[in-house]
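Before I ask anything, here is the structure I am working with.
As written, the chains take the letters A, B, C and D, and residue 1 is the first residue of each chain.
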Amino acid sequence: MTLSYNQVAARGLERIAALSDGVFAIAMTLIVFEIRVPDPGVVRTEQDLWAAMVALGPRLITYLLSFLTLGIFWTGQQTQSHYFARSDRHLAWLQLAFLAAVALMPFTTSLLAEFITLRPALIAYWANILLLGVLIYASWRYARHAGLVKPDAPVGLSAAITRRVVVAQALYGLGAAIGLISPAWGIAFIVIVQLNFAIAPRIGILARF
Amino acid sequence: MTLSYNQVAARGLERIAALSDGVFAIAMTLIVFEIRVPDPGVVRTEQDLWAAMVALGPRLITYLLSFLTLGIFWTGQQTQSHYFARSDRHLAWLQLAFLAAVALMPFTTSLLAEFITLRPALIAYWANILLLGVLIYASWRYARHAGLVKPDAPVGLSAAITRRVVVAQALYGLGAAIGLISPAWGIAFIVIVQLNFAIAPRIGILARF
Amino acid sequence: MTLSYNQVAARGLERIAALSDGVFAIAMTLIVFEIRVPDPGVVRTEQDLWAAMVALGPRLITYLLSFLTLGIFWTGQQTQSHYFARSDRHLAWLQLAFLAAVALMPFTTSLLAEFITLRPALIAYWANILLLGVLIYASWRYARHAGLVKPDAPVGLSAAITRRVVVAQALYGLGAAIGLISPAWGIAFIVIVQLNFAIAPRIGILARF
Amino acid sequence: MTLSYNQVAARGLERIAALSDGVFAIAMTLIVFEIRVPDPGVVRTEQDLWAAMVALGPRLITYLLSFLTLGIFWTGQQTQSHYFARSDRHLAWLQLAFLAAVALMPFTTSLLAEFITLRPALIAYWANILLLGVLIYASWRYARHAGLVKPDAPVGLSAAITRRVVVAQALYGLGAAIGLISPAWGIAFIVIVQLNFAIAPRIGILARF
């Protein structure tokens, strides 16, 4: 009976993991569509094509930005899930809501790529990142309070997760605030914050997070 | 020999689960395309962009609606599958037919988003939800009659599944009927029904289902 | 050492299965794009929308046709894979070639939906099905000759697989030949053949296959 | 405690494998969109359609080329992953960077299909293949130096992987160089190199690699 219960729980976690990997994989692949192939009606010579490819630079930055965002949240969700002993209906829906926010990324990325100099696009993009942060944190909080976290999870894990989410969201918020003055600088700031989380250099003040 | 048979059955269940997670993940991600990025030929200032983003409100509602629908049926299918001991050819095809209905969701969502004030769009959307309900229920009925359900499935499970499908479909049907008078109210009603299934508040009359 | 070898083989089979489920899931979901949402510039009233939805009928048939095709080959590949003890480099590439043919289905489906009355479209569609049949059969033949099939596979399995592929492809070929006279009748014939494989009624002459 | 650690590591490998299979499956399916269905406004007769289908030939070549590229790197990544005992944060990000390069393939394929006679398109395509090679090799190097490779990995494996990557990239580089003189010959050369890696004929000088 206990075994059967564990099996249900395990399968529940496996399937939400499989669904998550699917949604992340698709979102990661769809954001590339923002790097539009130049119009063959306009591009006729090799010089034209070089020029058109150079003009795609900002869209490549947007692609990089969103890939980093998705990679960071995929890594975060995977780490967190590792410490879930089992799932329940509410945790499943919190994770589905998180996936709904992941699935929104190609849209907000597209909006940002198309209107990279306009502040509402950056605000929408930042709101999407904020939503991801809120939902991943809510999943963790709920899992803890509902007793769904493994008993052997390390002491201090919960504090570490909280610190990570708060620091990251504070930096993203700062990036969005900078973007209100200059969208280009705001985006550059967020890209640097994300590269820090991805590459995790162990130097300077950033190493503390 | 028995072991080998079980292995075949188990693998069959694993692969249909993997295919299902894939189809659901893609459908959940594709419905976001209905939230169209505003046309850069028309939107030139930040005010234009705010206005264009506000105008996307109904499409965000459609996105939310379809994500909830897909989440509800994903959860339902996952719960049901947990009690399948094995699969056979007919159950596999019932599940494939269910996935065909899932794959139709981006189309009917798109239709509804484009023609949100016209009743035929809401009827097509409702027909898709009805089809999902009929096929998920047919899978369960077939699995029971063909002896594919685990012997240790709880007493009353089958009655609970039946009740759930019937109540849900009755409410969706009521939503579609309201939509014949006013599409906006019909959609609002269905969204509320689905939020109830997702969030499952344990208050009031809704808690009985 | 033997254990390690088995683990390699097992993982190889698992990953090709996961890749296959992904490709099938995406192909099954993308074919729905052929059912185009009517143009809101043309459709203004509910009568317009009903008429536009009725006009989508042939595209719904094409969708059904391709979903059945993909379902049949997914079921076939899954059944076959169950009897693979392990994989090797050549089998992996035969399976990748099979997946390349699966990934072509949205294109040939699209071609057929767009030009349903023109014979070249039906021929291209049939060629795609033929390619799927040739490659799934080649995988099986290669696996047998390379000793990759499980030793406990039932006697007569190989003959059954051969018979199934040959009969199915003969019927598809007949459908294509009928299509040379009348595309509509050719498509109808293939749909009926596929429904037979999917639903597998145990009546009449068709039950023998 | 050790067990728990292994489980974490194993799950990390499983999830990155699932994400990879998802990204590869989507990239493999999306590249088919480059084979554009002829415009029904222009194609009216069966002769028109035959002509339009023949004109799609170069796009079919591009599809084949990219499918082979993706198949080769999928096989390479799968083989490599088999020898990873566990993962860590840096390896996960190297693999995510590799997946970002995989997700770029539909874009560079599209660019090549659209501008097959212009050298910048071939250079961009080659740069994508180079990036895949650099990142898959960097993953391996990092895994070795960080002690993430299984202790029972065969002697000489690392040398074999290095040789394979260097020879393949040298041949792709040669193909790109030929393409600077004649894009068509450059593409033909790369297709032949890739067919060699896929089919692996055991004849002639190519058999040594």
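Simple rule for what comes next: a contact is a pair of C-beta atoms (placed from the backbone, for glycine too) under 8 Å apart; a residue touches a chain by one contact, two chains touch by 3 or more.
None of these values were measured; they are calculated from a predicted model.
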item	value
Joint neighbours of chain C and chain A, given as chain labels	B, D
Touch-network distance, chain A to chain D, counted in steps	1
Most widely separated chain from chain B, with each centre as the mean of CA atoms	D
Angle of rotation relating chain B to chain C [CA atoms, steps of 5 degrees]	90
Interface composition of copies chain C and chain D: same or different, split at half	different
Distance from chain B to chain A - Cα centre to Cα centre, in angstrom	25
Centroid spacing, where centroids are CA-atom means, of chain B and chain D in whole angstrom	35
Multi-chain contact residues (two or more partners), chain B	18, 21-22, 25-26
Touching residues (chain side chain A, partner chain B) in the complex	4, 8, 11-12, 15, 18-19, 21-23, 25-27, 30, 89-90, 92-93, 96, 99-100, 103-104, 106-107, 110-111, 114-115, 118-121, 124
Residues of chain A that touch chain D when the two form their complex	17-18, 21-22, 24-26, 28-29, 31-33, 35, 37-38, 40, 43, 45-46, 49-50, 53, 63-64, 67, 71, 74-75, 78, 82, 152, 198-200
